[in-house]
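Consider the two complexes below, in which chain A is the common component and chain B and chain C are the respective partners.
Up next, the complex of A and B:
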């Protein structure tokens, strides 16, 4: 009976996870466009990968995105959660407002921000010029475009992490702060010695979740920039997508996918290890 | 403090307001950032309706989301129940595999799964959108956890009365775990509704496209004739069902997603 209950899952597992992993490894040794027969090419895909400058650029772009996005997200989420934790009126309203972009499709958010970032007519440049500042080429300057995408991603996701931090902050007993007040501790000391240790697990969770999510960065550059300007927003996922579904390099794309997944797992393991140590 | 929070709230809400208003303005008037519009028109929407089958895509997305959510609820509670309340050989192994698949980056299986769809002849069919989405490791873990908290007496009593295991799960246990069912439903429905990468890969026929996919291709393709208002109109329609549902079930959304920690 237990096997019968688990059978739909196990069948699904074999078909859509186990078999694809094995097949993926097999594909890395082949050249294949799906239509013509598979051609065995040994380790050529791996050699090509290591010489593929565009792939390494895409990996670097993705890491740049993560390095901006994750700290920004933690700081903003923590600040908003800190304010919300002050026993305010309208708490529910603020929480709901911050959370709204979380549930909206990334497609909508990207289309919207594409307009906010527009050089001539965008809201952001409109605000800058109205206070006498120069316009910013949010999406057309190759040094800025990925920063712009990271800001947008933070705006979209931060509401979820505000909630998580709020839960963490509320778990700290009030009397700790009262005792610290008696001792004459400063706000910073209270934050460092009481708040921070209490929310450490949340910071850890936020880091891991945004890392895994961030490595999947795809639809934002796909819609906003197509990977440009000068490939500065070409994410690893977008590059793999192009290799597979625009050029039909299935063997090579599978190699990239496998390699990229290994990098993701490695980064997450390193994060876990470093955070647990501290 | 209130001032800061109000500014923050405005930062999150105003862009959506701007988008809705902009979609209702004549093309020449979009661009400013005023608060109260002077001239509203539905012409952007009418132009959009004539160019893309947006209501068909709304129906498609709904069908796909309903089927995959149902599958995940039914299959997820079956496996979760077996893992929580039955002893069998390989149980720990199955649980380990569930946890493992949850941490497995989807980038590994994406391309081979596309090839499977090609070989099964499922490209350009709902099968490609629904069948690979019928199971979720997250749902299994949630169901296992909640079933573990249910007293064994309830189950043994039901077995004594001659209840079959599926009847125990769906008729006796389900009414006791409504919050978990709501959480899993919201998360899986949202995941399915907002997914755009997989539909882009397996659906080419416009009549079968999901809503985010159709809107994406409309936004990047040339068919909107670079008309901003028309594009934004499609984005508003894509966001609207979710916003309305969110306004009604706001508390459930927030607590579900916070408890799972998964992004929408």
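Up next, the complex of A and C:
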């Protein structure tokens, strides 16, 4: 009876998690284009991976994105959560408004921002020129295209982390702040010595979630830039997608995917031991 | 408890068995998928109904290709799942070699009567183009949409096409006259033209590739399993496009779905195909007129001007139980009367000789004069080289296109040479 009750989940686990993982590992030793029989090629895919300059560029681009996106996300989410933790009029409206982008389709948001970033007709450049500033090539300048994508991704996802930080802030006991007031602490001192240490577990969780989410960067470069300009926004996930679904190099794509998963695990483990320790 | 478990398992087994689509239940008939274009759906329904009336024991079951992000993805999924139709009529010519090499398609030249029929429909250049590496032919050429230069009539005198074909010099000089900063904010807001700046491989089919075919009189990109495009023509094309962007004759912005800069008359030319005619006639503002001319060619160009025809073909999958019957049905769609109906209903050109001369088509072009130039162009169109990695070849060219044409980090010579090197590595590694 217990096995019968657990069987739907077991079936799901085997079909949609265990089997794909095992099959992916198997694929890394083969050449396969989906419609022809698989051809065993040994470690050729791994050798190719280490010589694939474009893949390493994609990895670097993804790391650049994370370096911009994660701190930005944490700072903005924390600031907004701090603001929403006050007694304000229309507090419910603001909380809903900040969370709304999280539930809107990523494709829709990306297309919307593509228009905002448009060099000729975009709202952002329109605002800049109206105050006498020059237009910015948000998506066509290789030095800032990834920054533009990071800003957009932050806007899209920050609502979720605002909620997490809000919960964290509301769980800090009020008596700590009252005691600090008695001692004459400033707002900044209260934030630095009471709030931040108290919400450290939340900061850790937001960092891990942002990192894992950030490694999955795909929709934004796929729709907005196609990986350009000059491969500056080519993310690892987009490159793996191209190998699998544009070139049908399934074996090589599986190899890239497995390697990339290992990198993500390594980064998360490092974060766990550094941030949690602090 | 146990009897109930057995009952649940039985229900599950019956359900799974009923999910099996048994193609052999079609009693001697076949299945046919067309594209989801409304004109083609209408045409296909007429042809299938006619066939079924005349062949009640060999009926064709018809549906448009199932919906998906692209028909190529749907076909690939169907091939993997062995759920393809017997006949499919929207196969991009560039995909045929990929499927042929996987033995998924029926070699049509093995069907009795096919070659004679093919030679009656197409010229030997087209037939050579569609012949696969193994010497077989896996596709029936069906339709083309030649890429030409669309222009707003107000700039006709600037393009000077009354005095000979549109050349690079004429085009660039027109660009200098047309580009303007109408709002006075220091930024150009009126351009000569627009073409996609995305580096997705298929976008090169609508800018670089037609220009290359026009300049080189239809030379291939790949020949004898080697890159064949490192020549003066490809370099000239890259230089021409680089000059266009350097001088801001084209905007680098992408068009949104709700923006059409040609209709908004902020750009005055586009490289596009005959599908534009119906669209423009529906949405253009009052008083706006347009026409088509050749893809720009180098100033010293002589002779015919080729272009990319965006060809699609009809194929028979190897799951078909009766390829001879399938070919008999296909023939009804691509004989002269079928082609004439196809023209009427879909506004697309059949890929055959004599579109501009055969009497059966004259009424159509009299009623649709804007499409006549495409019929004349159809004598000089090329498809895609037969190469199972043609997508990657175009991707490599796209990368160099971006570096050279859009961002000036490479000279045309360097970009083409780098593309040639990368393509040769790719072809050698297969």
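We take it that the second predicted complex is superposed on the first by the 278 of 278 C-alpha atoms of A that agree within 3 Å, B and C clash if a C-alpha of one lies under 4 Å from a C-alpha of the other, contacts with A are read in each partner's own complex, and residues count from 1 in each chain.
Keep this in mind: contacts are C-beta pairs under 8 Å (C-beta built on N, C-alpha and C of every residue); 3 or more make two chains touch, one makes a residue touch a chain.
Model, not experiment: these values are computed from the prediction.
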{"item": "Combined model on chain A: chain C and chain B, fit or clash", "value": "clash"}
{"item": "Partner chain(s) touched by A:157 [first = chain B, second = chain C, both, neither]", "value": "first"}
{"item": "Chain B versus chain C as contact partner of A:221, first or second or both or neither", "value": "neither"}
{"item": "Which superposed partner A:5 touches (first chain B, second chain C, both, neither)", "value": "first"}
{"item": "Partner chain in contact with A:168 - chain B first, chain C second, else both or neither", "value": "neither"}
{"item": "Touching partner for A:140 - first (chain B), second (chain C), both, neither", "value": "second"}
{"item": "Touched partner set for A:231, first chain B, second chain C, both or neither", "value": "second"}
{"item": "Which of chain B and chain C A:121 touches, first, second, both or neither", "value": "both"}
{"item": "Touching partner for A:34 - first (chain B), second (chain C), both, neither", "value": "both"}
{"item": "Residue contacts on chain A - larger count, chain B or chain C", "value": "B"}
{"item": "Common interface positions of chain A, toward chain B and toward chain C", "value": "1, 34, 111, 115, 120-121, 226, 245"}
{"item": "Interface residues, chain C side, partner chain A - complex", "value": "1, 5, 73, 76, 79-80, 98-99, 101-102, 104, 185, 187, 189, 197-201, 251-254, 256-257, 259, 389, 391-392, 395, 399, 402-403, 406-407, 409"}
{"item": "Contact set on chain A toward chain C in their complex", "value": "1, 4, 33-36, 111, 114-115, 118-121, 129, 135, 137, 140, 142, 225-231, 242, 245-248"}
{"item": "Residues of chain A that touch chain B when the two form their complex", "value": "1-3, 5-6, 8-10, 12-13, 15-17, 19-21, 23-24, 27, 34, 80, 83-84, 86, 88, 93-108, 111-113, 115-116, 120-121, 123, 126-127, 155, 157, 159-160, 163-164, 167, 205, 209, 212-213, 215-216, 218-219, 222-223, 226, 237, 240-241, 244-245, 250, 253-254, 257-258, 260-261, 264-265, 268"}
{"item": "Complex interface listing, chain B residues touching chain A", "value": "1-2, 4-5, 8-9, 11-13, 15-16, 18-19, 22, 30-33, 75-76, 78-79, 81-83, 86-88, 91, 94, 97, 101, 103-116, 118, 132, 134-135, 140, 165-166, 190, 193-194, 196-197, 200-201, 212, 215-216, 219-220, 228, 231-232, 235-236, 238-239, 242-243, 246, 250, 253-254, 257-258, 261-264"}
